[in-house]
Amino acid sequence: MLNTWIAGTVVAVIAGVTGFFAVLRGSTFAAHAIPNGAFAGAAGATLLGFNPLAGLAVFSVAGALGIAGLSRRARNDVATALTLVMMLGVGALFVSWSTEYAQEAYSLLFGEVFGVSTDEVLPIVILGAVSIAAIIVMFRPLLLSSALPEVAEARGVSARRMELGFLLVMALATSMTVPVVGALLMFSLMIGPSAAARSLTARPVLAMTLAVVIALVTVWAGIVVSYESNWPLGFLVGVLGAAFFLAGRAYRAAAIRFRPRVA
Amino acid sequence: MHYIFEPGFFGSGPVHVALAVGAVIAITSAVVGVFTVIRGQSFAGHSLADIATTGGSGAFLVGVNQFWGFLAFGAGAAAFMEMIGVQRRRSRDVATGVVLGAALGLAALFLYLATQSTSTTGASFTILFGSIFVITTSTIPALIASAVLALATVLVLARVLLLSSLSSDIAAARGVPVRAVGAAFLMALAVSVALSAVIIGAVLSTALLIGPAATALRLARSPVKAVITAAGVGVLAIWLGVVLAYDSYYWPPAGRGWPVSFFVVTLIVVGYLLTFLRRRDRQPAPADTLDREHACSPA
Amino acid sequence: MSEDLLRLENVSVRLGGREILKDVSFGIRPGQFTGLIGPNGAGKTTLLRVILGLQPVTSGEVLLDGAPRPHRDSSIGYVPQKLTIEPDMPLRVRDVVSLGLDGQKFGIRLPSRARRERVSDMLTAVGAQGYADARVGELSGGEQQRVMIAHALISGPRLLLLDEPLANLDISSEQGIVSVLGRLARTEHVAVLLSAHDMNPLMPVMDRIVYVAAGRVAVGDTDEVVQPEVLSRLYGRHVDVIRVHGRILVVAAPEGVDAAEAAAEDAGVIR
């Protein structure tokens, strides 16, 4: 059970940190596409007898590269869509070839936090630390490039390099969080809490901290309810994420309505 | 000839259905897709597809044909997205994403509940990755009718959609009910997604929506040519996919065949990438790479 | 003013707790070329949106030919500020102009030679026939501006509204657009209301000026309106008007300058 709590906590922190930037940059689609594509990689790895985590890592990085690469010549959302479906198509092939994959596929898509073994926790913690360190190192240029790209370019911060760097961090974060909360739901954990945090405050560091806090609450509550009811963690994450987002929107609407009149 | 078409291809009933229904759905999806890409709603299209997965799982749980599940949830989600309907694209994407996340959570629940009752591994695969060779004959009239409806809606709205994409202010000033038109389009999109989910699966229906459209937009300059090219690419991809999938029953691993959806998606993506080989005038960088609004203000 | 094509009467607009426009009144006669001049944030875009029916007014009226503005209206053409058009947009220049005729209609229409010719004529009139088959997303700023002007004019409006059409152009494109507009306004008998933050490029074609600052307007000939007393009253602080080499510069006084003292000084300045 301790493993579950550790893994869940690390995942929530990662999700809050990367999700903050994903929402800021409008990379919602990529945040969805990379974990999904990673799932296909895990399928292939299992088929070939490798550790699914390796497959996750390879495909999520491939996804990041594909999206960044295609975005130079096509719209961002088209690039993301096509990269995603290509990876999923290959995943479909792998899944169809293997006969006993269904349960594993289900848990990779929707999460299996209670099945995290001790030797899985260590890579998760390490990769988590690396991702967070990367974000901290990139924080100021990434923030500038996300908010004011022309100013950033003028100061020598290349928008393309930041985009690629960010996507790669997201790929890395994804590859170790997917076994815990699942490919389809990692994205909910990234978007819901961060969007809620941004409704509450505009200050970057505060918003990111809030995102992490909300993500932690979501995951912890999810673990407890999932443990009691046996319902999948992914379901709780998705619904709680949406609930926080709506709460944030309601707060925002109320704040605007009751804003003190400017003389 | 028999090197390409394995024995029995032209005589097979399911193949006929696959080719005919597949073509109709591919055309619908491609045409709707052209406008989806123009309006920057590729993410919404993909989200509707994933939400349709939830519908499919729910339908399975209840014992109903998955098309109705795809349709109900897709249309419901479209209506909900329209209600949340935020103007700024970035906020719209986040709202869409949250709806998607909640719906996927629900899908997780449905599939979990389904595993408690029966052994459903095959069903999951069908919902996620499609079943063009096993289309239930009784649903065919509904499929065709829905396709015609979605296609007609988009064609009737074509000029207005183009004008709104050029400038929603100009459209509104000329009396176009921009919001209502957007809602109608989103519904047509939901129907189109539900249809392609039936043949290549909810998870991959985005390929049939975006792929031919993106390819056509790289090749054609005028709206008419774009729509016709997209439809052509879509039909070609489905037909070739069906042929290859049928042939693959004889390929390793023995006796099962490779999924149609894999072939269709691969053909579509390869086709799209091939358009980059054309030597033509350098296109300017896409406008949305530097499209950052006041990113630091609360959404 | 019964012969006014467009008339605003005491229009006020309040948005998000701020008064953007305060009690604005003016009229535009048929064929008149009016410059809507003012600094950024003064309310120019809001004013244009009010006229187009895109922004509801808090109080006041917008009258077209003496009657309240109808909902579906093709007598006002509109050229928005720079449009963001993706390079993959499947619209050629001639398709865009064609949408100016019937882009707001539902249904499918068959191509017709008459329509094709009308589009070609309009393209020639704005000088865009050379790139009629180019993708609209691949045009330069000045080229796109001409196309959008053609789009707005082809349906034969009586009033043409342009929002900061010169803002992102280089000098030569600027001059090109101004001369196209001046010529078309005369040949098509169209009244023009064009917003800008710099009035100088428009001097050759402008008949009169509506100067907007701090949500209020001053209306009249350029010489009447662009005077320190008038503008200072509008801005609510002391403003200098500098004329040099035939160009006009409106400059806010530095902080700490007493308005009365500055006005007294002005009285003694030799123009």
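Each chain gets a letter, A, B and C, in the order it is written, and its residues are counted from 1.
Note that in this section contacts are C-beta pairs under 8 Å (C-beta built on N, C-alpha and C of every residue); 3 or more make two chains touch, one makes a residue touch a chain.
This one's a predicted model, so the numbers in the text were calculated from it and none came from an experiment.
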Checklist entry - Among all chains, which one's averaged Cα position is nearest the averaged Cα position of every protein chain shown? => result B
Checklist outcome for this item: In terms of CA centroids, furthest away from chain B sits chain C
Item to check | Pair joined by more contacting C-beta pairs (A-B or A-C) | outcome: A-B
Checklist outcome for this item: Chain-centre distance (mean CA atoms) for chain B and chain C, in whole Å, is 42
Item to check | CA centroid of chain A to CA centroid of chain B, Å | outcome: 24
Item to check | chain A and chain C, separation of their C-alpha mean positions in angstrom | outcome: 46
Checklist entry - chain B: which residues touch two or more other chains? => result 37, 214, 283, 285-286, 288, 291
Checklist outcome for this item: chain A residues touching 2+ other chains are 74-75
Item to check | Residues of chain C engaged with two or more neighbouring chains | outcome: 86, 88
Next on the checklist: Quick check on the complex: what are the chain A residues that touch chain B?
Outcome noted: 23-26, 28-29, 31-32, 71-78, 80-82, 84-86, 88-90, 92-93, 95-97, 102-103, 105-106, 109-111, 146-150, 159, 163, 182, 184-185, 187-188, 191-192, 195, 198-202, 204, 231-232, 234-239, 241-242, 245-246, 252
Next on the checklist: Can you tell me which positions in chain C touch chain B when the two form their complex?
Outcome noted: 49, 52-54, 71-74, 76, 78, 80, 83-92, 95-96, 99, 102-109, 133, 135-138, 151-152
Next on the checklist: Touching residues of chain C toward chain A in the complex: what are they?
Outcome noted: 16-18, 86, 88
Checklist entry - How about chain B: which of its residues touch chain A in the complex? => result 37, 40, 42-43, 45-47, 50, 89-90, 93-109, 111-112, 115, 121, 124-125, 128-129, 201, 203-204, 206-207, 210-211, 214, 253, 256, 258-259, 261-262, 264-266, 268-269, 272, 276, 283, 285-286, 288-292, 295-299
Item to check | Contact footprint of chain C on chain B as seen in their complex | outcome: 34, 37-38, 155-160, 162-163, 165-167, 169-176, 214, 216-218, 220-223, 225-226, 281, 283-288, 291
